[in-house]
Every structure is written in C-alpha cells, then in structure tokens.
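A, B and C label the chains in the order they appear, each numbered from 1.
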C-alpha cells in the first residue's frame, strides 16, 4: 500500500535537495514549482477529464490579477491571497465553462483560446486597475502565516511554493482515486456510456473544469505574490501552449508525469532560452514535434512502453 | 400497471416514419424479444424507451407514471437501462473499475472527492458479486480492452445490470460475438434476476428462441404480430419475412 | 451616412482578407479532419516573401506578390507530403500540439531570416490612390481587396462546381471512405487542396498587410481570428466561411469605429454567444 507514495516521496526529496544544490537559482526553482501547479491543474482538466483546452492561462491570469489586487487594496496576507486567486480562477472557469463545456473538438479548443484573449484584452483596457501593458506593480505580500517574511534571496518563496505545490499534488492524488476522479476517467473514456449510467456529463465536466480553474488560479496567485508583479503575459497563449506541452511531454493523467514534464521543459528552457527567445522557439518547436511523433504517451509512460516492447520481443522470439 | 406500458408510440424524422402507433407492454419478470428485418425501427424503439430519442407522439408509462418527458439520466434513475449494440465500455479501465462506476453513480456517490473509490465495502461486495455472476473473476483487474469480444459483451451486460434496473433492454447482445461464444451470452441472460423485465433485440434466432417467452415482430416501424416462440415460428407472414427477400 | 459607408467598405475589405486566409483552413479541416493551428503561418510566409522580394530585390508589387504566393505553395506541398500526411491520423490533441510546434518553427525561421520587426510590403502608387465616387473617396487598395475577394469566391465556386477536381473534392469532403472506394485518389486531392489553401492564405496575407501587419509573430497573434471564421462558418463550408468572414469583418470594424477600446472584447463575446447557441456554425453539419 505504500508503493504509490514512492514517486511522491522521491519528488519531495529531490525538491529539498534542489534547495541545497542550487542556492543561487531559487527564483528559477520557484518558477518551476509554480508551473508545476499550473500543469497539475491542466492534468486534472485534460489528463483526467479529457477536456482539450488551450486556455488554461485564462484562469492562471485571473488568479494572478485577483491575488495582486487583493494584496494591494484589501489584505496582504498571502494565504488569503491564494484563496482569492483560487476563487477567481474557479469563478472564471465556472462562468466560461458553462458555455465551453457544451462544445467539443475544434470549437472547444478555439473558444478556450478566445476566453484567454478576452481576459488579456480586458486587463489591457482596464489600465487604472491592472496597470495595463506595464503590468501590475506594488504587490507587497505580508508574512506567510504571520511568521515568515518574503526575502530577497527567495528562501521563503521557495518553501512556500513547495508547500503549496505539495498540497495541490496531494489533493489531486486523493481526488484521482476518488469516485469523482474515477467518473472523470470514465467521461474521458466514453461520455456516451457515462450518460447511459445516469451521469450528466456536462455538469461533471463543468465541475472538473471549475476545480482545475481554481488550481490554476492558485498557481497565478503564487506567481503574483512571489514575483510581486503581474503582467499581461499571464493570459498569453504561449503560457497555455507551454503548459500543454509540459503535460504531454511528461504524460497525461498520472500527476507525476505533469511534474516530470514541467521540470524537464523548464530545465531545457533555462539552458536554451537564456539568450534568445526566438531561437528558443526552434528548440520548443522541434521538441513538440519529437514528442508527438516519437513519444505520444509522454516520458512517464516510457518504462511501461519499454516493458511492453521487451515483453513483445520475447513473445516474438519464442 | 406495473412495468413498462407503451401506447401509440410514433417517431418521424422529417417525412420518414420510423415508428408508427406501437403498443407494447413489459411486465416485471417478462422475457420478451423484439425481432424484425434491418431498418424495421428496433433500435429506434429502444432509444425512444430509454430517452435517447424523444417521440413524435404517444405515451410511455413506467409503473403508471408518464416518463415520455424525462431525459435519459432520469429514466436510468427510474430503473430503465439499455446495453449498447456497439460495445461502449471504458476501455482503459479494469473490469472492476468499469463496474464500480455505475454502482457508485447509482448510489449517488459519484461526486465524492475525498474518499477512495474502492473503499466502500457494500459497493465492493456488489461489484464482486457482479463479476462472479458473469464469470469474469480471472479478468477482473485487467483493462477491458485486453478482453476478448465475447467477454466484453458480458461486461457490457454487467455494466447495465449494475444500475439495478427493473427494465433491461439488451440491444443485440450477441452482435459480433463468434458463434462458439454465443452460449456465454445465452447463459448470462438466463442468469439475470427473475423479477427483472428483459427485452432482447436480436438477429440471432437461436438466441431469441432460447431466452424469450414472447416475441414481438416489428416491420417498417409497426408491430406485425406478437406471440409465443411456437406461434412466431409457425406464423406464415413471419416465415415469409425471414425466408423471403427481406432476410437480414 | 459617411460613417456607415466607412464601416461597410472597411469591414467588407477586412472580411475578404479573413476569408482568403481562412478558407483554406476550413476546407482542410473539413476534408482532412486536421486541426491546423499553423495555417496562419502560410500568410506569414507569403507576406515575408513579398516583403523580401519587394524591399530587398526591388521587384514591383504584382511580381513580388505572385512570386511570394508561388513560393508559399512550393513550401506547402512538401510540408503536406512529409509532415501533415502523418498528422491526419492523430488524435485532436496530438494534431494541436504538432501544428503548434510547426507554428513555432515558422516563427523562428522568419525571425532568423528577417528579424522580429514589422515586415512592410510597400503598395504601388496605383493602389494608394483614392478613387472618387463623387460623394466619397475610397482608397484603391480597399477596392482591390474587395474585387480580389469576390474573384476568389467566384473562382472557388467555378472550381468546385465546374471541374472534375471540384466534384472529387466535394465527394471527399462529404465522405472520405466512399470517395476512396470510388477510386478517387484522395492523397492527390489532399495535396492540391492544401497547396491551394496555403496559396490563398499567402494572397490574403500580402493583400491584408495594411489591416493585419506582418511580423514573425503573425500566426500566433491572429490564430484565434482565423479559427473563429472556420468555427462560425462551419467546418468545410466555403460559403459558410465567406459569410462568417464578412460578418466578423463588419462586426469588428463597426466596434472599432464605435467602441474603439472594446472592439476585441465585443467581437469575441459575440462569437462565444453565437457558438454557444449554434456549436456547429452557420453552415456546418451537426455532429
């Protein structure tokens, strides 16, 4: 019964080790943790429930702006800010999902992109509130739980983000094994059968989309608090697409695939994109095509695929 | 009246009449079969009863209640279930998970997020009993897509039975099953609960005559005749239908 | 009155550009069932080539445009044969990812070649002139765009309705399997259709550079716009794309004149509302 926890434990140890191994890269490591939360939210929506979306950044951005505004105008408490971010992401997902979950295929993909673009446009127009294209500045989060102040080196930020990422992972791990998680996998496999079982697929998908939106909102809020800045990039198509690539790279529906894919992608990004964002597009473009053509189930499926290959080889030999 | 009661049911697609003033009863414990040539409207009838299609006219009552206005999910909750003509399972889930899903949903537990799906004792016992009933024990923890087609048809039936229906419509349960495995399907139908009302839609006459005590013949959306297997076997019109050009 | 006319002329011209770029996307999506997010890349390639041929080599506009379109088609054919052909059988998500990857590669290539700044395509004197209608002035460019757009839809209609290729293409869109069973070479049809769509996108990109300026990020910036035309028009419907492109062109132009700050929001909100009520689009078939 302890076996399923081993990957989670290994990841936790790796995260703690990373803190001591790369003390000068805490900002980057924290960025990875925030992206992990976003990609986990996408794994719930797309990996579990099978909802094809290219607009997860909409909820991420909503969470970021909401948490930023909350910290500036209402209360600087970070944990309360995360809750506000989750509410904003969830509310946007529920609102847009009410329409989006009625569609599928190309229309769904297109509308998810469109929702994120509308959000970006609104944030751009509401300059007095959001700072428009200059971004929202002046976010000064208070002490975490009244104890730990955010420092310049990013020590508090790292542990704070790690804790949240760990909690989100644990929550999704529990949800993945729950009746709700099973029903989402059922919808992914066969919506028609789920209807025949007496389930409203629309409502169940909307619930998953809303929950995923809430988690994406948490990721956005984390980002707003730790970088103390929110820009229009939070709503960008590139962010949604990169999150999707990270998830597919790692493998969908497994949670640790989301973590693995994010870490690998971010590491490649860190080394390849440091100097030139356009040459980075060469790398990412080639990477995506390579994954789609040669590794369609992601890296997390590699052991299973190899095992099958080995088994098949033995069968063929005998 | 107890059970299913259909009166004057009709369905038109534009100008095309696919069901025309059908009267049909299915009482608890009944074993009826619906036969007829291709395009006779058998699947349409099943879809009208289960709520996948809405009728153009007529009444559908269940235990005296008019259910014609209810959607598919609501009728499932009333106790009307149907298997799929083309196997429609959750291929990458195990047999046990396939059966756990409908039981959880039937009990209204499907939205729970913070309990394990396999932690409810009563539900696990019920799933295990279903697996036993259909002799799927050795395959219980294999993904459904690994199963042979005949076994998948058994899971198909078990999945609908897991909803504890009071009316079960089997839409071509033996379709695509090699004849060497048809006996598995027949045995599974014979082992269905005795108080369950069963309607079998099937082309395989051997299966129909083995399991049904009453047979309804549908031709061009209308009921041609209804009778015992003997009556149907000796009915001249039916013989002509099946031995003549309209075979299929 | 003058405002209405402005909106009508600019909106129709804008709609024609959208139609030229998106029609190939609609037909390939309807025919090959491929979600091709990289389609805007062909408009970018056409525009970039026209910029290079005009600015760097000094070719006159028409020659540069014609060569640029030919160049785009010449690139599109091997791309279809070597890459897209493998994508057709993939799931939706895999198609989305693969074509995003292609989009990124196109952007990176154009950037490496011509940089990330605006790629202007200078219009000839003749197109910059104003045409006097007596009560109002129109730029020759807008008139040309509208005339070319009409020529494109008429040409497509003639092609589809009057030629063997058109009959086969329509048969293949209606039912791929039947078409193959009838001995129609669907592979060749796919390639020709893809090339035609890419060429029209290049034409739209070049002619529309005043309305949708060309730079390396072009395919990402306008991706949603082109997808919207396809979704509203209905997959695979040329007439649907035409109507959708004109409607979107007019709506967005009108809101740009009347509510300049909210044009994008208004347009997208209307699109979402429309698709919520009619998910299969104007002339699409319900799935």
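Methods note: a residue touches a chain if its C-beta (ideal position, glycine included) is under 8 Å from a C-beta of that chain, and two chains touch if they have at least 3 such contacts.
Bear in mind the structure is a predicted one, so any value in this text is a computation, not a measurement.
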{"item": "Label of the chain whose CA centroid is most distant from the centroid of chain B", "value": "C"}
{"item": "Innermost chain by mean C-alpha position", "value": "A"}
{"item": "Inter-centroid spacing, chain B versus chain A (mean Cα positions, whole Å)", "value": "42"}
{"item": "Gap in Å, rounded to a whole number, between the CA centres of chain C and chain B", "value": "49"}
{"item": "Distance between the centres, which are taken as Cα means, of chain C and chain A, whole angstrom", "value": "33"}
{"item": "Per-residue overlap in chain A, given as positions that touch at least 2 other chains", "value": "none"}
{"item": "Of chain A, residues touching chain C in the complex", "value": "46, 52, 54, 99, 102-107, 109-111, 113-115, 117-118, 121-122, 125, 237-238, 241, 244-245, 248, 278-279, 281-282, 284-289, 291-293, 296"}
{"item": "Chain A-facing residues of chain C, complex", "value": "29, 35, 86, 90, 92-94, 96-98, 100-105, 107-109, 111-112, 116, 216, 220, 223-224, 227-228, 230-231, 235, 261-262, 264-265, 268-269, 271-272, 275-276, 279, 281, 287"}
{"item": "For the chain A and chain B complex, residues of the former touching the latter", "value": "174-175, 177-183, 185-186, 189-190, 192-200, 204, 207"}
{"item": "Partner chain A, residues of chain B touching it in the complex", "value": "50, 72-73, 76-77, 81-82, 84, 88-93, 97, 100-102, 104-106, 109-118, 159-160, 163"}
